[in-house]
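Take a look at the structures below.
Below, chain A partners chain B and then partners chain C, in two separate complexes.
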Partner chain A sequence: MAASPHREMWEKLNLDIEAHDGLLEVLGKFYGDIYLSQEGRLGGMEYLDFVLSEVHGLRIREIQDARAAGKKVIGSFCVFVPEELTLAANAIQVGLCAGADAGKEEAEKLVPRNTCALIKSFIGFKLARICPYTESCDLIIGETTCDGKKKAYEAFGELVPMHVMEVPQQKNACDRTLWKSEILRYKDRLEALTGNTITAENLKKGIRIINDRRRALQRLNALRAAVPAPISGRDVLLINQVSFYDDPIRFTESIGKLCDQLEERIQKKEGIVPESTPRLMLSGCPMAVPNWKLPYIVEGSGAVVVGEESCIGTRNTRDLVDESGQTVEEMIDAICDRYMKIDCACFTPNTERLENIADMAKELKADGVIHYALMFCQPYAHEAFKVEKALREADIPMLSIETDYSMEDAEQLKTRVEAFVEMVS
Partner chain B sequence: MIAGIDIGSRSVELVVTDGEKIIRQAKAATTFDPLSQVKKLLGELRPERIVGTGYGRNLLADADLGTEVTTITEIKAYALGTHRLFPAARTVLDIGGQDTKAISLTNTGKVARFEMNDRCAAGTGKFLEHVASVFQIPVETFGDYALEGDEVLSINSMCTVFAETEATSLMAQGQRPQNIALGLHASVVRRTANMLRRVGLEFPLVFAGGVARNRCVIRLMQDALSGEPLIPEEPDMVGAYGAALHGSRL
Partner chain C sequence: MAASPHREMWEKLNLDIEAHDGLLEVLGKFYGDIYLSQEGRLGGMEYLDFVLSEVHGLRIREIQDARAAGKKVIGSFCVFVPEELTLAANAIQVGLCAGADAGKEEAEKLVPRNTCALIKSFIGFKLARICPYTESCDLIIGETTCDGKKKAYEAFGELVPMHVMEVPQQKNACDRTLWKSEILRYKDRLEALTGNTITAENLKKGIRIINDRRRALQRLNALRAAVPAPISGRDVLLINQVSFYDDPIRFTESIGKLCDQLEERIQKKEGIVPESTPRLMLSGCPMAVPNWKLPYIVEGSGAVVVGEESCIGTRNTRDLVDESGQTVEEMIDAICDRYMKIDCACFTPNTERLENIADMAKELKADGVIHYALMFCQPYAHEAFKVEKALREADIPMLSIETDYSMEDAEQLKTRVEAFVEMVS
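Our next item is the complex of A and B:
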């Protein structure tokens, strides 16, 4: 492998260069097999191929340049962290590495073995020093969306500067009060970190930028209702994943252009797959880069993925922040209301998720739903039962899968997925 | 002439049909070279189409067998085979070498729901094979040996290796080995019965796959499910037969 032009920067970030080279090599091979081998991709995807090829390079350089100019970088693992406020404080928000088995043995010294792959992964990436995002952060925001994360942040907080937001678990008035106080506490922390005051003007701008990104992704998701499906599920998952890393304004513009191309394709009745291809929707746990295992298996089994009911999917884009607020107070309230609509499995009860999944499956003309839970992820594993019941009542078949980032169960997964595809065909 | 070939983890089955008739059935160990085994089973036969199923189905698709090859999963294959043999069947249980599958069928024989064990071998033929080897008894007669037991000892571990540990502790307590063997069979049945209930067990239930030759598992299953499973004459051929049936519809 040729020496990367970014090597010096990675060294400055204290990455383990050898291990990081190894990671990029595996990532590149994966990407080639899973993405570049697809036939009939749109020109607009070149932007994503480029972003992903430079995900640890040019994007990190941009972030480092911004830091040199005085900007702060906030890392997060969850769609509850309000990026509107981060932007208003003139900081950059990025998702952190958590989608591959990395530093697993080291991570198991800090968290129990029976912890979900995502948690082990973010700790492993830090301990192995192979995530330039984690190493670029001035502050990392945790959140109490499950016991695994909650306790893991205690250990993680000894390695990085952390702030933990308490996400309520019910949706009563008192829970909203708690959440609002958490948003205000985050605002204070941001202002102290950046030295910038969040004003009505910059908050309005932050809300607009993030809403625009959501609108672009909403448009993309709506276009997937077309038959034949105009774009593969793998590509849309990638788009959703990139939305956590890339500059939001540039990202929104690029997705807008891609959607224009998709519309032309739909007009011509062209698809990425033939019209008769079974359409499946994925639902459940988030899939961080480079967790592409299940979509790859599904689309290698003769189906196409037409939706992702997930935090790296519609859960992050379905609802907008009301833009009519004029004062900081009004805008904070609007942000608070919007985030309280998130139907994460950490809530009890969480009945709106069941309705959202069934509605989404119908809108996207899905022939079936695959429920994906990471092993040891209690909230989603529990909800799999309820989702299956709700979907059965709506006459939509569902397959429940529990897996992790390893490939050892790939053959068994293939058999299940293929059998499900046969069943809904 | 259509051939259905089921490449499982332990054995390869071949069923050749001509119209409605089965004209050949054969079986061989999978070994580490399943394709050679398939070629041996086929011999001089040149079917107009081959349908592969089972764990090794994609090997067939990629091999140059001189004829058109398609593949279906063993779940569909067992559903098709079972529906032809027992048109009224509503549930299929297939315990094979590596996987256990519970399949619920619609009244037209289509797959309505299914469950499959995950990466672990608990409750499969592999589990019985492993514990039989610990008892130094051939797996074919292990069920009969267990039926000599007069008390079902409780073995709770869901893991093959830990179940063996539990069996060893019982042995150390001086329990009759036949009773321990009976307990091990009961643990397989308990796990399987749960899987059947999860897919919404309805009778008639057809019990297929290699483990359906084990009389002890059948007996304990009757008790656990309060119902009689139907056993095909050649329980491990159902998948290959289903694959051949699929081929005749193409």
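Our next item is the complex of A and C:
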């Protein structure tokens, strides 16, 4: 492996160079096997291939250049952190590494073994010093969406600068009041960190940029309803994953071009797979880069994934912020209302999610749904029972899977997925 | 086994008589082995023995008689449900069965296998129809203290009449506002259910009754600081457990008499164990009846338990409601403030708990602390790491245990506990 041109930058970020080289090598091999091996991909996917190949390189360089010019960097692990405000304060928001086993043994000295892989991963990446995003952050925003993260942030907060937002657990008037005060607390924190004041003008712009990104992804999701499926599920997952890392304006433009190509393909009735390919939707926990395990297994089992009902998927793009607000107060209210619509399993009850899943499965003409819960993720593991019931009532078959980031169960998963694909065919 | 005089009542409650007989038989045997076998117990413990022997009998009869006279019965699983209000509305509040493996296989059809034993237990008891408390409830109050319960109540709520109170996750001003509105929502619900209005007069009385019970238990806890220990940990755990079932006024009187006896014993420098016996404190998850496994193992390993830092222990009795309020509004505020002091692991951060544990261990002259987390209880499993660190800084040894309700690991636990007892001796 030739020395990377980014090595000096990584050293400055205090990465463990050797371990980080190892990570990139594995990531590259994985990407080649899972992504580049696909046939008939759209030209527009080259943008994604490039972004991913430089996700620890050029994008980090951009971020470092921005920091040198005075910008602040905010890290997050959750779609509840309102990026509209982050942009309004002229800061950059990025997702942090949480999708691969890294530093697991060390992480288990800080959090219980019965903690989901995503949480152990972000702690492990920090302890192993191999996430250039985590190391680039001026502030990391936690939230109280599950017990695992809520309590893990207490340990994580001893390693990084943190601010925790409280996400309410019901959707009554008092919950909206609490959430609004948490948004205002985040606004104060951002203004103090950046030295910039959030004004009606820059907040309006922030809302527009993030809404545009959501609209691009909504368009992509609508195009997937075409038969035959015009794009693989792996590729759309990658697009959703990249949306947390790349510059939002550049990302939106690139996805727009990709969607243009998709439309051409659909007009020609071309697909990435034959028309008869069983169409499956994934639903549940987020899949962070490079957690491509399940889509790879599903699409290697003769099916195509046509939807991701998850935070790295439609949960993050379904709802827009109302753009009619003119004052900061009105826009904060619109942001508050938009985020209160999120159908996260942290809410009780969370019946909207059941309706959204059934609607989405029908719109995407899915033949079945695979519910995906990370092992020890209690909120989504509980909801799996309710989703199965709701889908049964809608006559949509469901397979419930609980797994983590290891490849130990890959063969067993493949067997179960293949049987499910055969059943829905 | 002779037919019980309560059989007809249990049939009316739609209990599964055969399964319930089996439960009582096991409970009786357990109680004989763990409690009645103890030597040198105080005469005052006869009250507890009687209450426990009639916990499914005479106490249920009392409750049924009260219901026949128009009283309502509220069930709960958590110390956040404000019993002051329940009493003010002339209702009865009881804890529900959650301390033994019952109906586990059936429960696992409604909640994930990776759910703590306490949650599976309350669902299992309901499905198996063997908890006369659950069957006597007009309303069961859930809360959002952990993901496991929060989501399990959604399934449980399809089996019983439920009302869920949202407990906040931080202790800022907006959290107190949310909690106050939840208390007011509970008040409304109680008034609607009972047809009784909560007035300054009856609320003042409710606060007094519950504070008196807390004062009796505070006195008991203070007396345990004596060397040699005047009462076994098992017995104090039982007292705390019974406090959730028995009539609060009768309970307070009985514990007062028991404390008088304890004082006499202490004056004579008599103990339940020799002065040299290692003194251990338990800390962590609640132990519901008949979950006596760990105290029994600890006290069978040559140590004596001198404190229970748990919800069925000091977490429920440490703080009193301020009694100076004269209006309903003032009293609601006082209740709100008191409950916001609870150092539950649902809060982030929850540093008060660390201070409370260290203070308590010192006051009780504990030689060590055993931290007890139910398997899959994420909040307490996470805090175990922090408690260990805080105790290390206070030079107090700690043993961290994770277990469930089965006896499969009893021998292994005994080995670990014995080694710990030897270390602190």
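We take it that the second predicted complex is superposed on the first by the 425 of 425 C-alpha atoms of A that agree within 3 Å, B and C clash if a C-alpha of one lies under 4 Å from a C-alpha of the other, contacts with A are read in each partner's own complex, and residues count from 1 in each chain.
What we mean here is this: a contact is a pair of C-beta atoms (placed from the backbone, for glycine too) under 8 Å apart; a residue touches a chain by one contact, two chains touch by 3 or more.
Note that this is a predicted model, so its numbers are computed, not measured.
Asker: For the three-chain model obtained by superposing on chain A, do chain B and chain C clash or fit?
Answerer: Partners fit side by side after overlay.
Asker: First (chain B), second (chain C), both or neither: which does A:54 touch?
Answerer: Touch partners of A:54: none, neither chain B nor chain C.
Asker: Applying the document's definition of touch, where does A:416 land relative to chain B and chain C: first, second, both, or neither?
Answerer: first
Asker: Please state, to the nearest 10 degrees, the angle that the Cα centres of chain B and chain C subtend at the Cα centre of chain A after superposition.
Answerer: 70
Asker: First (chain B), second (chain C), both or neither: which does A:408 touch?
Answerer: first
Asker: Tell me the contact category for A:62 with respect to chain B and chain C: first, second, both or neither.
Answerer: The answer is neither, since A:62 touches no partner chain.
Asker: In the overlay, work out which of chain B or chain C sits against more residues of chain A.
Answerer: Result: the larger residue contact count on chain A belongs to C.
Asker: Output check: A:16 vs chain B and chain C. Expected answer is one of first, second, both, neither. What do you get?
Answerer: So A:16 meets neither chain B nor chain C here.
Asker: Pick one for A:378: touches chain B only (first), chain C only (second), both, or neither.
Answerer: A:378 sits against chain C, while chain B stays out of touch.
Asker: Contacts for A:112 in the overlay, against chain B (first) and chain C (second): which applies, first, second, both or neither?
Answerer: So A:112 only meets chain C here.
Asker: Quick one: classify A:263 as touching chain B (first), chain C (second), both or neither.
Answerer: Neither: A:263 stays clear of chain B and chain C.
Asker: Between chain B and chain C, what minimal C-alpha to C-alpha distance in angstrom results from the superposition?
Answerer: Minimum C-alpha separation, chain B to chain C: 6 Å.
Asker: Find the residues of chain A that appear in the contact set with chain B and again in the contact set with chain C.
Answerer: 402
Asker: Which residues of chain B touch chain A in the complex?
Answerer: Where chain B meets chain A, its residues are 55, 72-76, 99, 110-114, 116, 118-119.
Asker: For the complex, which residues does chain C have touching chain A?
Answerer: So the residues of chain C touching chain A come out as 110-112, 114-115, 144, 146-148, 150-155, 164, 166, 168-170, 172-175, 177-178, 181-182, 185, 345-346, 348-349, 373, 375-376, 378-379, 381-386, 402.
Asker: Residues of chain A touching chain B in their complex?
Answerer: Within the complex, chain A contacts chain B at residues 397, 402, 408-409, 411-412, 415-416, 418-419, 422-423.
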